[in-house]
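Both of the next two complexes hold chain A, though its partner changes from chain B to chain C.
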Partner chain A sequence: MHFLRYTVRKILYGIPLILGVTFISFLLMVYFGPEQTYTLLGKNPTPEDLENIRRQLGYDLPFITRYAQYLQEIFTFDFGYSASSNERVLDILARTVPVSIMVSIPGFLLGNGVGICLALCAAHFRGLWPDKLIMFFSVFGMSVSLLIVIIGFQMIFCSSYGLNWFPVQGWDVDSFFDYLKYVTVPTMATSFVAIGYNTRFFRSVLVEEIDSDHVRTMKAFGIHPLIIIIVHVLQNNLIPILTRMIFTIPYILIGGSILIESFFAIPGVGGVTYDAISSGDLPIMKAVISIYTLLYVGVLIATDLVYRLVDPRVELG
Partner chain B sequence: MTEPAQKKILEVENLKVRFSSEQGSVFPVDDVSFSLNPGEVLGIVGESGCGKTLTALSCLNLLPFPGVIETGEVWFNGDDVLKLNEKKLRHLRGAKIAMVFQESMTALNPVYRIGSQLSSIISMNRKVSKKQAKALALDYLTAMGIPGAEQRLHDFPHQLSGGMRQRVLIALALACEPQILIADEPTTALDVTTQAFILDKIRGIQASADMATILVSHDLGVVAEFCHRVIVMYCGRIIEKASIQKIFTEPRHPYTVGLLNSIPQVRQKVLHRLQIIEGAVPNLHDLSSGCRFANRCSQAQDRCFREEPFLSGSGGHEVACFYPREVQ
Partner chain C sequence: MGKQGDTRNTAQTLSRTTPIESLWSLSLKKFCTDKIGIASLFVVLVYSLIALGVSLGLWANEWDELLNEQGYGPISWDYWLGTNFNGQDIFQRAVYSTLTAFKVGLVVSLCSLWLGVCLGSVAGFYSNTWLDELIIWLYGCLDSIPFYLFVAAVSFALKESDIAMYVSMIGVLWTSSCKVVRGQVIKLKSLEFVEAARAIGVKDHKIIVRHIMPNLAPLILIEFSLSFVTAIKTEAILSFLGLGVRDGISWGVMLSEASAEVVAGRYHNFIAASVFMFGLVMAFNQLSDALQDALDPKKVVQR
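The block that comes next holds the complex of A and B.
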């Protein structure tokens, strides 16, 4: 009951945040953003044509009305039709968002799962060779740019210069086997970089805990190292670790997937975003920005809730 | 014929601890040897930073990163603790040698209730069920004079005062019924009344269980009431070793004399001028070849700055000084 009330309150707190972010994005993107007037008009338009089209597009309406319209679009989640393909924005999203999710889930799980295991291992053997080896590879993973990793992996795994095990591009998924075929190389590429970053971050969090007095107490009373590292080190740091994991979700879903989706020709939301930005397709941009905002606010709320769930000492106040 | 030596319960030989960093290596514990008899209470005293805690931690082979034991042996039950494998070491820690840490405020995990931490530690070390362990915890908490012990088990560590937490930690160590208890400044953070109370409780249980104890303190006054023998440390070295009577009646090292002079003589209600040893402890990074105390010693001669004295003496009273105070 307490928890439910806490959740509801957190969600209510999220509303002003959504309003704030959408207002700024409205200003930047809709009000000062690209105009479609001249794209839609033929050559030598008359002033009447101009006025007509501006009225059709709603550009003549006052600021407040336009903002209200935008809010309405967000809350009904109906952004109209794409300016370039005339397809319904909602249909485009329904087609592309699931693909992006499918592409990023394995990389997300692998990047975090492997990252935590390596970090636990490195922290436990701090200063010794397993730590040094793991840190060497994680710094290596961090330093190589994703672009190079993608091209490299495509060369190695998808071309006749290398192993040629996987298709280099595309997304023609009808079965789980197809899925594996298309998702493996993109996943390896994102994980390669993500594991590097995650391991380093998780290790730094864990090492600090390993030095703490309460861990020393557990050691001094002969508690098994596995129990110490899981129950006393990992558990005590679930908050920063989960926070980081949750916070990477919006980035992975939209930002990170742009590069992956364009290099592997995967029809996800990243590619759609890229096209919308380069062609000034406002309805799609509005939709993507709104999703992004909602995701981030959702992430903030989720972190607060996780915080509460993980650490019993956090007051419900 | 010499008397057969009493069997020691713990023997530390030539212990040397090294910390390496970019500025080079330091040895905060340097060539320390001592032994502990069964049932005996041994005091380790010295200014803060002289290496008491590191010496104590070495007995459990539990140095903080990146400290390593450069040389030395720690003999317990026929084994060198420093050479035990991971598993044997786990069986030793807590069950055979239990330590109470100086930092009582942070020594328990903040996210678990005290009861669950105590019972899991005790059940592991005493090889009893969680339930029995909880009962043991209760017994010892009560014995340490914690009011409402049952209720305290449901608290988180931050809900207890410093004095209560220190008692919880002592109760935890005692509940493991170790052969050796190491108490590192168990009362330093507490007010005088609580301090006396807690020391009294420890002594009661120590004596009835005949448990060998190492009491670490920077306060000779605390040690005086409690210990059979005392080791005085200075800058990583033992500079004097003697029975408690000898230390108080016939201190030989100028540093020990200084320490004794600095105890406020509260009992006699005579306000002696608080004597402070002049000067500062040398930096471990640039020790000279001479006696480490020489720069602060009023008796120091040329030789003291050139050569380092080693522990010597007879009758269980050893001192590391070229010109020790003569015994009257």
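The block that comes next holds the complex of A and C.
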């Protein structure tokens, strides 16, 4: 019962957040955004034509009414039709989200998995050469812009001036082999950068735990270091590690893949978003922002609830 | 009550172990022993000299001129890194971009820090009031908008002007320093010197400006180096998306030119821009690490 009340309260906290984001995106894209009046009109419009079109598009309505309409569109998932292809926005999303998930899952697993392993290694050998080496490469990974990594990898692995092992771009997946062919280079690029950031973060979390009294005692009792690290150190720090992993999910599904998908011409949400940004396709941008926000706020609430389940000490305040 | 007792205890132990030397001079000494820190500071200084020279018109004046009529050209004595498809000197463009990077980095990080520190100290000082809630709500909202789309939306609203990139970067980057500052101010405001100031009737805004903000200086220095790097890296991606530098040159613009060229085997543009950019970002990352080590009072005092 207590938990239920806690859940409801957390969900209520999410509402002002969603309202805030919708308000900001409404202000920027609809209220101050580009008017479509002139694109819909022919040459030499009369003032009456102008007036008619503006009324049809709802530009003459008061601010509050227009915002209410905008909210209604978002909560009924009625985003209308793409301005450039006239396809229903929801259909576009339904087609592209699965592709984005498939492209990003290997990178997500590799980036976090390798990151945790390297961080454990660095924390275990704290201050010694393996630690210094790993941290050097982690800063190296953080310092190279994703843009550089993508172009560089494309040059090395995909062009005829490099190794030419993989196709430059495209997404023509029929079998698992095809999948590997198209997903390898994007995955390498994303994990290259992600490992840098993750290793550093995970190490800073783990180092404190490795210094703690109970780990020292276990070492003194002669317990195998691998068991200490995996069973005790990692388990005790599951919360910050999981939080970081969970919070990257909305970013990976929507938005984060803009660069990767546009470079490799992958028909995912990122690619569609890139096209929408460059052609000024507002309905698609509106849909992506709204869904991203809903996901993000959902994740925010879910992590709070998971904390409570994992660690009963978290206050129900 | 228990909390107050704790702070008094830590204050006492601190005053016992703190040497007479100030924390700043201790930090400076520690920084001077850090070879990587010194080297990275040197690299950053070299880059700023390059940028200064460009802004004074000492070098890289011809970055925009079509020098080579054949378009693409090889590395030669006249064109140190060859020429691009327009026949412009790639080396000069890369050098000139240093100025753009510093402009973006300084404007964005200084403005976002100023915003973040002001709002963060207000939120921290009045924690658990409606003002605090309002500021938390504001950065919560900005955090939940996908960044590149936010930039795109701002640029639509500002009719695609050049300021859009600055406005949107500042509008989002202040949140991270605001969070850090807020946490630190909550810690600081329960310390004795703040209580003392309050007891003798110093006004709230004076406590914040005169007593709390000076104690945030190390934190601000670290946050500055972090946001500088973020600004430069973000600019590159925004320029590729067509939302960044519009009339001018930057490493991001060069990289987006290069993205179409590398598969055709022309990589001078790519290598020039990425080496220049990597050098500055790497140096700043190492510098901020060294600063964090040197300015951490726990590490410095224990020595």
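Structural remarks
One rule holds in what follows: the second predicted complex is superposed on the first by the 301 of 317 C-alpha atoms of A that agree within 3 Å, B and C clash if a C-alpha of one lies under 4 Å from a C-alpha of the other, contacts with A are read in each partner's own complex, and residues count from 1 in each chain.
Convention: a residue touches a chain if its C-beta (ideal position, glycine included) is under 8 Å from a C-beta of that chain, and two chains touch if they have at least 3 such contacts.
Bear in mind the structure is a predicted one, so any value in this text is a computation, not a measurement.
Overlaying the two complexes via chain A leaves chain B and chain C side by side, clear of any clash.
Of the two partner chains, neither chain B nor chain C is touched by A:W129. One of chain B and chain C touches more residues of chain A, and that partner is C. Once the two complexes are laid over each other on the shared chain, residue contacts for A:F177 go to neither chain B nor chain C.
When the two complexes are overlaid on their common chain A, residue A:N236 makes contact with chain B while staying clear of chain C.
When the shared chain is aligned, chain B comes close enough to touch A:H214, but chain C does not. Measuring from the middle, so to speak, at the Cα centre of chain A, the directions to chain B and chain C differ by 70 degrees in steps of 10.
Once the two complexes are overlaid on the shared chain, A:L17 sits against chain C while remaining clear of chain B.
Minimum Cα-Cα distance between chain B and chain C in the superposed model: 6 Å. Common to the chain B and chain C interfaces on chain A is no residue. Taken together, the chain A residues at the contact with chain C in this complex read 16-17, 20-21, 24-25, 27-29, 32-34, 139-140, 142-148, 151-152, 154-155, 158-161, 168, 251, 254-255, 258-259, 263, 273-274, 277-278, 280, 282, 285, 288-289, 292-293, 296-297, 300.
Considering their complex, residues 60, 62, 64-66, 86, 89-95, 98-99, 101, 103, 106-111, 120-121, 124-125, 156, 158, 169, 172, 176 of chain B touch chain A. Contact residues of chain A toward chain B in the complex are 126-127, 211-214, 216-225, 232, 235-236, 311-313. Remark: chain C residues 137-138, 140-150, 152-154, 156-157, 159, 233, 236-237, 240-243, 252, 255-256, 258-259, 262-263, 265, 267, 270, 274, 277-278, 281-282, 285-286, 289 touch chain A in the complex.
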